[in-house]
Amino acid sequence: MNPKQRNRLILITVIVVCVGIAVTLAGIALKENINLFYNPTQIAAGEVPKDASFRVGGLVVEGSVRRNPGDLKVTFELTDGAEQVTVHYEGILPDLFREGQGIIAQGRMNAEGHVNASEVLAKHDETYMPPEVQDALDKAGNIEDAAAPGTSSKPAKGY
Amino acid sequence: MLAWLHRLASPKRFHGLAGFFITWCGWGALVLFASGLYYSLFNSPPDYQQGESIRIMYIHVPAAWNSMFIYITMAIASLFVLVWRIKAAAAVARACAPLGAMFTFLALATGSLWGKPMWGAWWVWDARLTSELILLFLYLGFMALQSAIEDKDAAARAAGVLAIVGIINIPIIYYSVEWWNTLHQGATITLSEKPKMNTDMFISLILMSLAFKFYFVVAVLRKARNEMLEREQNSQWVKEMLGGSDERK
Amino acid sequence: MNDVTNIAKTTAIEPSLGRAFMAMLGRDLTLAYRHRAQLANPLVFFTIVVSLFPLGLNPDPDLLRTIAPGVIWVAALLAAMLSLDSIFRSDFDDGTLEQILLSPHPLSLLVLAKTLAHWLITGLPLLLLAPVLGGLLDMSGEALGVLMITGALGTPILSLIGSIGVALTVGLRSGGGGVLLSLLVLPLYIPVLIFAANAVGNAAGGFEVTGQLAILGSLLALSVGLAPLAAAAALRISLN
Amino acid sequence: MNDVTNIAKTTAIEPSLGRAFMAMLGRDLTLAYRHRAQLANPLVFFTIVVSLFPLGLNPDPDLLRTIAPGVIWVAALLAAMLSLDSIFRSDFDDGTLEQILLSPHPLSLLVLAKTLAHWLITGLPLLLLAPVLGGLLDMSGEALGVLMITGALGTPILSLIGSIGVALTVGLRSGGGGVLLSLLVLPLYIPVLIFAANAVGNAAGGFEVTGQLAILGSLLALSVGLAPLAAAAALRISLN
Amino acid sequence: MNDKTNGHVRLEVDRLELTRNDRVIFTDLSFTLEAGQILQVEGHNGAGKTSLLRILCGLTMPSEGVVRWCGENMRDDRDRYYADLCYVGHYPGVKEELTPLENLAMVKSLGRIREGVDIEEVLERIGLPFGHEDQLCSRLSAGQRRRIALARLLVTDARLWILDEPFTALDIAGRRMVEEMLMSHAKAGGMVILTTHHAVELGDCNVKMLHLGA
Amino acid sequence: MNDKTNGHVRLEVDRLELTRNDRVIFTDLSFTLEAGQILQVEGHNGAGKTSLLRILCGLTMPSEGVVRWCGENMRDDRDRYYADLCYVGHYPGVKEELTPLENLAMVKSLGRIREGVDIEEVLERIGLPFGHEDQLCSRLSAGQRRRIALARLLVTDARLWILDEPFTALDIAGRRMVEEMLMSHAKAGGMVILTTHHAVELGDCNVKMLHLGA
């Protein structure tokens, strides 16, 4: 093997090794939960920061939304199926905010263990259909699959 | 193989081919836009949750797809410039950048317009949105570098390196919704699964996407062809062609 | 005069890559040492930019602590970016860069040596200064530790990616210089910023940071492997 | 050839300061227009730097809103600083600056014309873009209004003070360029940053801002009056 | 040339000294230049010719000595001196991104100019090929750019011309033309100071020589 | 000179064309250079001499055509070609903040070198006054810097020398020395390509001329 071939071989090996390491590490990273949305279970377990703002994600519990008449204050419960957490918010809610819908709230813990949200975002899902179809589905009692894909398609991470 | 590639992509040949595609894709784009607009404005139903706002999708999604597709086209063209030094590819890459920037901007703008009513925010710093913003910066960088280097060939190659380095951003945009828990929704339309979407909506979306793609083909070829003509103005074939058209007069 | 011809009678020593790499590195460090007054410039810039924030915002310690990771990393990005020009500029101006291109070694490895030198000269000092500024911004102990780790992983990426950017712009006499470079380089720096600052922020809140560190590591591996190649290609184009 | 001498038979038109000022301004604007692709660079830099912060920090809208004034002003400072070089660099390189120094007008007024051109080319666009970015960072309406006012008062100061800095460094070929300039200029920018960011922050909180605006106004008046003189003196020294 | 030309116009140089990095370039240099005279400065590379010319223009500060214009220290009344001065140096001072017309229009607005001077005419006389006056100067050859730099002399109404190697990059016809310009300027009562490595042919003009560098 | 010298070493240039901004500088340029030959490239300013030399070095990309070294396209095996090449261009390629010794030590570590070459000896032979080898190059005069650039030729073991105006800034003795170097290199079986505006005296060497620019 002449020096030139040797150099080329070294070069290629180095690149392959580097890319290999990169891919492995990226794999490790993706197993971790990076873009933290805490779910109510984690909040119940006290895993959230005390004095920093964080995000919590979950489904709005059916029938839990209480609006203050006269101002924009609203209180609702979020669930991930196991635990629940109470969220207070003041402001205009997005169109997609409704009971049973997946949302993300940014805020801080208050003294009672509730979340004071500064922002509430509604997460949309991958399903699109006309209202009539939705009615038909409702009648068929086939609702989970359509309305809570956030939980059904990716249960492990965010919510 | 190489010689074949060069012949196929010779400026003269490119001019002819581009002319052909411009004509036919031009008509295609017209028809597709007409039917796509009709479908998306009148024939597709409102969404069960989003109501009429869903119609933003018919611009947002095709624009977003185009923004990535154009970048890939630009990077591949740049590869041809760097490896085989094909002039037509340089012209194509150069023509891609402003179009790509335009579609990226369109995706960003329609996305935020859509985000306000749907999510409750114009803009959130999540992975999909951020990476799309980086895409815009990459296009701008590509154009800035091209315009800063005086020698056209060197400019094409230097910007080509940048385009190829930046391609790493494309998988990040595409998979961001899966790798990170973004606010932006995941893919509805994949090759592997049947879309969870009403057929009329689906047709509108596909029509509009095709219309955008055709428009891109027409626009990019027109720009590239004009540039080639300008650069080759002193060459034999351009003179012949212009001479020919003079005689016709 | 006749002596001149004598030299031609000897036999040759073939070029050695290792020797060339070390010589390149040593040379750049020597040059930096000869200009040691300028070694401090990026550090001073870094310090000034970081201290602009307590001045521009109200100096509430809670707020400062929250924004500290982001501010420090943004300032580090800008300081690294402004110092990039020195990687190739002076070599380009006096023709040494041509000679490097004409050496019988893979250009990418010589570029790697130069990038390593740049990191030792600017990245490493920034890395060492960062905890001090972090302390001034009231960061906690763990956060400072993670700040160091992200710095160690992140600053080399800045030099590596930056080398592509300067290689692309070194040939431009009047290209709006610095601003153009920043346009090319900053978008590519954004991922480093996001994950590094995020890791430090998380550490301050007492959470897991392995994910972010793994990503930084993977970015580093990727850029060590590929950036010198891209920079070498860019150099050949710039010198055309 | 004999014709050449003919010209000498006419009488003279004395130099006019107004004409010279307008010609200078017009020329710089024309030159900027000839390079219009590069006009956008500072704007893009500004945008990128502003967007680095939400990326590096936790994107909590409350937090963003709090730091927005500081961030926007710091980014504006940096963008203005990076674009400074263009005031005198190209004129220095091709010898036009010598000719300007040799014109029978107060040099400081010609410098003022060049500074005004620089502000029109970079400061004004920054000023117009700032509210857009402020919007992205979730700033309120009143805050945006005051942001505009501080911008209108503050960006000219940046150009004026900056002109002194570049005038001092324009003669240095290899002086570590950008970083040195930043060391000279940024400390002088700090008062602008403090009062402007503070005014915007106060406006967001619904407080009085007349005090800060008055100070900015007085800084502006001061720098309009004195900066061109200092820059002119610095130029004569640099070209020595 | 305006009416004051016939007064006591003169340039006096009084005991100039220049040191650069503690090295003396020249010292104790004095001379006087009267209306109608041409001064040619000679010396090897690095003798200090350019430095001297820049001192005479007030661009470089001498370590010692003064330059007087019409009896007054030139630094005390720069504006008056500069209205009388036209300098063409090593650098052409021509902006590449402007056309020749725009470049000269700028000269016209900055200084004291000859009345009724027509820039297009000047460009033609100076030998710029027709059609080039609207092209960006970056497209012109080195010789053409130098011609535009020299065209400044014909646009302004300066009494004192200071020229640093004006013949650089010019062909023979160009050289001849510049020589004619110098001679007619001197005959009309102007003054010229120039350096050059070329042989110059200035007919019966009043030419003084100054040798720099031991 | 190592043993492969006596093989079929040759430089073939095949139908080169160069366009700059769509302007043709030269086209259809072909020649061959054999061991022991010297090629002198001539042409007026701007004829494309420097550009040609840079193409031969692989620094500039030609629009058309190839350069072959020992029968193989130079771009396909850069490392081998560059081990055989030494280029001294317009820019000296000498770092001002390093001493001559350090500069040449760098050359030594980068390329293929002559065994047992002693840098101090080379510096002496090339005519650098004693005591200057430890001074920063920024303190040296232009001619001395050029000598250091040319010293590269004596340190490396390159068969092909490409020299762009090597006589610039040299005095007569220096010129003579470089001519000797060229001749002895050619006699030992090396090749030289050079441009110059000076008259060169190369004795009985095999000198080819190439004229650029119509």
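A, B, C, D, E and F are the chain letters, set down in written order, and residue numbers restart from 1 in every chain.
Note that in this section a contact is a pair of C-beta atoms (placed from the backbone, for glycine too) under 8 Å apart; a residue touches a chain by one contact, two chains touch by 3 or more.
These numbers come from a predicted model, not from an experiment.
**Q** Moving only to chains each one touches, count the minimum steps from subunit D until you reach subunit E.
**A** The distance in steps between these two chains is 1.
**Q** Which chains end up grouped together through touches if subunit D is skipped?
**A** Groups left after taking subunit D out of consideration (others unmoved): A, B, C, F | E.
**Q** Taking each chain's centre as the mean of its Cα atoms, which chain lies farthest from subunit A?
**A** Ranked by distance of C-alpha centres from subunit A, the top chain is E.
**Q** So, what's the distance in Å between the C-alpha centres of subunit C and subunit A?
**A** Subunit A and subunit C have C-alpha centres separated by 36 Å.
**Q** State, to the nearest whole Å, the distance from the C-alpha centre of subunit A to the C-alpha centre of subunit D.
**A** 44
**Q** Measuring centre to centre with CA averages, how many angstrom lie between subunit A and subunit F?
**A** Inter-chain centre distance comes to 65 Å.
**Q** Averaging only over C-alpha atoms, locate the centres of subunit C and subunit D and give their separation in whole Å.
**A** The answer is 29 Å.
**Q** Please output the residue numbers of subunit D that touch at least 2 other chains, ranges allowed.
**A** 35, 38, 41, 44, 48, 55, 58, 61, 63, 90
**Q** Two or more other chains touching the same residue: where does that happen in subunit A?
**A** Residue numbers touching two or more other chains: 7, 30, 33-34, 52, 119.
**Q** Find every residue in subunit E that makes contact with two or more other chains and list them.
**A** Correct list: empty.
**Q** Which stretch or stretches of subunit C touch subunit A in the complex?
**A** Subunit C reaches subunit A through residues 14, 17, 62, 66, 105-106, 108-109, 198, 201-202, 204-208, 210-212, 214-215, 217-219, 221-222, 224-226, 229.
**Q** Using the touch definition from the top, list the residues of subunit D that touch subunit A in their complex.
**A** Contact set of subunit D toward subunit A: 58, 60-63.
**Q** Touching subunit C in the complex: which residues of subunit F?
**A** Within the complex, subunit F touches subunit C at residues 1-2, 57-61, 78-83, 85, 87, 89-98, 102, 105-107, 109-117, 122, 125, 136, 154, 157, 176-177, 180-181, 184-185, 188.
**Q** So in the complex, the part of subunit B that touches subunit A is made up of which residues?
**A** Residues 45-51, 53-54, 57, 117-121, 124, 126-127, 179-183, 185-188, 196-198, 200-201 of subunit B touch subunit A in their complex.
**Q** Which subunit A residues qualify as touching subunit B in the complex?
**A** Answer in residue numbers: 30, 33-35, 37, 57, 92-98, 101, 104, 119-134, 149, 153-154, 157-158.
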